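Going by the order they are written in, the chains are A, B, C and D; count residues from 1 in each one.
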C-alpha cells in the first residue's frame, strides 16, 4: 500500500514537473529519466542475472545510432514512422547487437564475462572513429524530430513527456518480465548457473536471451537520448558511459527493483547541480560511490527500505541511531569538502598559481562563501578537527550498537566462483 | 528381466595421464534403488559427473533407457529423463523455497523460454511446485530464503530440486553428508517416499543408509567395479572386505 | 563551473540592477569543458575570451550596456553541452562561445540551428573559436555558426608553404596522424600540400587516438621509409610521446605539427622538441610593437603571456566586437540576425594581420604563423629555456583554402 | 631486418614494463579472486609520486621512496577497504576497486592538474646506450629493461626458493587448505597486495618517465594489463610474463604492417570490390594496433578460455 502511494506520488510529481520547473531543468530531468531506464536495463543483466557487464555503453550507443539514422531517414522522407515511435528502432538495434555480442560474452561467467564485455566495448569504441559512415566521425550525426499530429516536438515539454512515457513503459515491461516464468529463471542464473543446466535448461541460450533483452532496453534508452538531443556521437561508446551506468546501478542498489533508477536519478541530478558548483564533482561522485560500496553495499534503495521497516516495527533505537549518525556524517562531509576545495583551488595551476606569482602572496580562497587563508593553520586544522570529531562520534555510536547485537548479515555471501 | 535404466559400457575417464575411471560396466535396473559405494578417491563422484554430463567420457558409452547419452551436455541429459542432486548443496540461496522449486518444476513442463507467461498464472507449474514442496515437507517455509533454511532443510530442498524436472532416473550424491543420526532417519524416509516408482542411483558413505534403502549395491575401487549385488551378497564379499579393510563395514 | 566573471559580471549585474528597464543586455554563454581530459586545452581559450570581453566592456559594451558573460561546463560530452545550452538559453544567452571539442561544437551548432528554426526572432548565434574540424564549414555549415578557427587544410597549406620557403621541407615526407575524421583530414591535407610543393609522401599512417603508449615502432617504420620530414596533426599525448620517441631514436628529421604548444607539452618533450615546427594561428613574436603591447597587456590582465590558444580566444571575441560595434544602438533590443549579418562583413586587425569572415561558409580568413621550437625564442614557455621562435607569417590570402562545395548554407 | 630487430627490442622493453604491472594483478587475482580495477591506478600514483620526489631530491630517491608509498596505499586499500567487503563476495570487491580507480584519477587531477606532467628520464640516462642500424637505442630503455629483469629475478627467487613463496603459491592454489594448515592467510593476502602494489608503483616510477605521466595513464594501462592477465591465464605468473612479451611484440610489430583486408582480398582478385564496400575492409593493421590486444584477448577467451597458462576457468 505504502509502495503504491509512493509510486503514485512520484508519478504525479513527474507529470506535473513542467508546471513548476523551467525548461532547462526539464532538460536535466529528461536525461535523468534516460539514465534511469538505462540503469534498469543494465540491472536486468548485472543485478538479476548476476552478469556484471563493463561495456554496456556499446548497446546504449548502438540504439542511439540506429535511432539517429532512422530520424534522418524520416526527415528525408525515405521512410514513414510516427515520431514518438522512433525510439523503438533503438530497441531493435540493441536487441540485435546484444544477441550477437551476448553469444560471445555469455560463453564465459564471472570475472571473465566482465572482461569480455569490456573488451568488446573497447574494440567497438576503437573502431567507431574509423567507420565514419555509420558513426559519423568526430562531429557525429544529427537529425531533426519531425512533427506528428498536433505535436511539433520542438518544445522541451513534448520531448520530456515522450521520454517519460517511454521510460515508464520500459520500466513497466521490465517489471512484467520479472514476473514471468523466464524472469524467475533469470534470477536462478545469478544464484547457480550449474544448477540451472542440471535442471534441463540450456544455460548459454538462456543467458544470451537475458543479454539480448537487457541490450534491447539499453538500446531504447540510447535511442531516447538520440531522440531528445537529436544527435549522436561516438564518444557515447566510451568507457565513461559504461562506468556511469555501473555507478548509478550500484549506488541505487541492484537488489531492489527500482534501485538502479533511483541511483540514476540521484547521480544525474547530482552531476547537473554539483558540476555547476565545483569542478571536482567527479571526485565527489567517486567518493560517494566508494563509501556506499563500503558501508551499505546494497545501495540507497535498500537503506530506504530498512528505514521504512524500522518505522513500521517502531524500532526507535535504530532510527535514533541513524539520526544521531547524521550529525558526525555532516561534520565529516563539511570538513572533507572544505579541505578538498581549498586544496584544489590552491593547486589549480591555471588560476591560483598565476595570482600567487603576480601578488607574491597566497591570497585567501573562498569556499562555502567563507574565505580561507591558505597560510593560516586554522584553515587546515578546523576542517581536520571536524573530521576527527566526526569519526570519533561514529565510533562512539557504533560501539554501542556492537554491544547491542552481535552483527547481522546484510547480504548473504555469494557462492564461490 | 526388466530393461536397464542406466547402462554403463566400458566407461573410462582420464585426466591427463591419470585414469580415474578404468572401464566400468554397470546396469541399473528400472525402478530399483541402487547404491554406489567405495572408499575415498574411488571415483564415485567422477562417475556421477560422467553420467550426468558434467564430464565427457574418454571411452565407452552411457545408455539411458537404451539410448546413448555419453558426451551430451547436462541439460539434454536432464531432458532425456535423468536428474541429479549435488554433494555440495547447490540451491538458489537468495530465492525463496517456492521460487527454488518452481524453477525446477518449470523444466518438467518445458517452460524454458516462457518470456510471455506470468509466473502466477502458470497453473500447472504452480501445482507441481506445491506438490514438490509437500513431498519434501517444506511447505511451512515456502517463503523463506533457501539460504536461511537449516542444513537438513537445505538438503531436503536439494532433493526436491532434483525431483523437479520429473525425471524417472534420479542420481543422489551423498544425500546424508553432514547429518545427524536423527536427521538421517528422517531423510531415508523422505528419499523412500519421493522415489516411489523411480530409478534411484545413490552415492553414500553411511552403510546403514545404503543397506536399509537400497535393493542392490555396487562397489567401486580405484575406478573399477569390484562387485555388484544384493546387500547380503556385498556384505559377505571377500574383495569388498579387503577393499574396506580398516574402514567401517556395518 | 558556472562562474560569473569578476570584472564583467559584477559590473553587469550592478548595471542590471540600476538601469534594467531601458535596454536589453547582451548575454554571452561560454560552453566549454572545464573538467575532463580536454580542460587543459580549453582554459587558455576561455582566458582569451575573458580578456576579450573585458576589453569590449571597457569600450562601452553593447547597446550602452555591459556584456554579461556566463561560463558553463560542457563536461567534454556533446550531450552535456546540449543540456548546458538549454540552461544558457533559459538564462537569456543570445551568443554562445565554444572552443576545443569539435564534437561539442557540432552539437551546439545543430542545436542552435534547430532552436532558431523553432524560435524565430529569438535566434542564437554561435562562435566556434578553436573547433578545427573541417566538417563544421563543410557538411555541417550553418548560417548561425561562425568558425573562428582554422582547419587542417588551412594549417597544413601554410605549414608546407613556409617549410618549403625556409628549406625545411625535404623531398621525402612521412605523414602520421590520428585515426579519426580530424586525423584523416590532416592526412588528406598533407598529401595535397606536399604534392603541390613538389615533394613526395613516402609513408603514411593512422593510429588510434590517445591509446599508443610507445611510439618507437612508428619511428622504426619512419626510418625504414627513408623520410627526411614528418608531418603530423597529432595533439595531446600523441604528439608528446611521438616527439620523445623520435628524440630518443636520434633520427634527424624535420617535424611539422599543429599542437606542440599545448600547456606542458614543451617541458614534457624536453630537448627532443628543439627544431620542430609549429603552425598556429598566432605567435607572440608577431607584429612588432603592437604585438609586444598586446602580450604585455594580456599578461597584466590575466597573469601570464598568451603563449597558447589565448590569442584565438581574444581575436574571436574582438572580431565579434567589431560586428557588435557596427550595429550597437543605445537602448535597442538585441537582434542576433543583425549581428550575424554584421559579422559577415566585419574584420579585425590583429598584430599579425587581418581576421575576417567568409560569407560562403562562415570560415574565418586569417593569417597563420609558423614557428620553430628554439632556445632563441623571445618568450620561453613551460618554465623551460625554450619557446616558439617566429619563422614566417603566412598572409590570409595565402593560407585560405576554397570553400567546400558540400556547404549549402541556408540563409534566413 | 632492421625493422625486425628494432621492433623486437622495443616490444621487449614495453612487454617487460607491462609485466611489472600485471604481475601484481595476476598474483592478487590468483590468491583472492579479486580483479583489482585500481591496480593500474597504483601504477599511476607511482609515476606521479616519483616525479614529485625526484623534483625535491633526485631520481634514485624517487625510485626508492615512491613505490614504498604506493605499497602503503595498497596495504591500506586491502586492509581497510577490500577486507571490509570481503564477506559480500567478489563482485562487491570488483565494484569497490572500480570506485577506487575512479577516485584516484580525480585526486591526481586535483593535485597535479589535468594534463601530462614533465616526468622525464634523468640526465645521466638520457643518452643512447648503443646504435643499431643507425638508430640510437636509448639508455633509459635499457635501464627499464634491467629494472624489470631484476624484479622478475627477485620475484622468482622469492616465490620458488623461500618458505613464504611456497605458502603464497599454495595460497593461490588452495586458499582454504593453507588457512586450515594454520597459516595466517589474511596476513599473506596483505603481504601479496603490498608487494603487488609496490611493483605497480615501481613500474610507474620507471614507466612514467618512459611513456607519459598523465591522469589518463591508469585507464589506458588498466585495459592492457587486464588483457595481459586474461591472455596469460588468471593467476598464472608465467602466463602473465609470456603474454606481456607477446603483447609488447604484437603492438610493436603491428604498426609496421600497412595491410588491410582489402589488400588481402586483392590477392584473390576482389580488391576493388572490397574497397568499394569500404569500412572495416579498408582499415590497415597499423591503424588498428591499439585494438589488437583486445582482439587477441577475445580470441584467447573463445578458444582457450583459461588463458595460455591458466588451469581453471
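Everything below uses one rule, namely that a contact is a pair of C-beta atoms (placed from the backbone, for glycine too) under 8 Å apart; a residue touches a chain by one contact, two chains touch by 3 or more.
Since we're looking at a predicted model, the values are computed, not measured.
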Inset, instruction - Using the touch definition up top, find the fewest steps from subunit C to subunit D. - result: 1
Inset, instruction - Select the chain at the greatest separation from subunit A, using centres from the mean of Cα atoms. - result: B
Legend entry - Chain closest to the middle [Cα centroid of all protein chains]: A
Inset, instruction - Indicate the whole-number Å distance between the mean C-alpha point of subunit A and the mean C-alpha point of subunit D. - result: 29
Legend entry - Distance between chain centroids, defined by C-alpha means - subunit B, subunit C (Å): 74
Inset, instruction - Could you put a whole-Å number on the gap between the CA centroids of subunit B and subunit D? - result: 46
Legend entry - Centre-of-Cα separation between subunit C and subunit A, whole angstrom: 34
Legend entry - Where subunit C touches two or more other chains at once, by residue number: 35, 39, 179, 208, 211
Inset, instruction - Could you check subunit B for residues that touch two or more other chains and list them? - result: none
Legend entry - For subunit A, residues contacting two or more additional chains: 126, 130, 282
Inset, instruction - Check the chains against each other and report every pair that touches. - result: A-B, A-C, A-D, C-D
Legend entry - Residues of subunit D defined as touching subunit C within the complex: 2-3, 6-7, 10-11, 14, 113-120, 128, 131, 134-136, 138, 140-141, 210-212, 214-216, 220-221, 224, 251-256, 258, 284, 286-291
Legend entry - subunit A-facing residues of subunit C, complex: 1-2, 34-35, 39, 43, 47, 72-73, 75-79, 82-83, 86-87, 89-91, 102-103, 105-107, 110-111, 114, 118, 133, 135-136, 140, 179-182, 184, 208-209, 211, 302-304
Legend entry - subunit A - residues contacting subunit B, complex: 176-177, 179-185, 187-188, 190-192, 194-203, 205-206, 209, 412, 415
Legend entry - List of subunit A residues in touch with subunit C within their complex: 22-24, 27-28, 31, 126, 129-130, 132, 137-140, 142, 144, 152, 154-156, 225, 229-231, 233, 235-236, 240, 271-272, 275-279, 281-282, 350, 354-355, 357-358
Inset, instruction - Can you check the complex and tell me which residues of subunit C touch subunit D? - result: 35-37, 39-40, 179, 205-208, 210-214, 216-221, 223-224, 236-237, 240-241, 244, 248-251, 262-265, 267-268, 270, 382
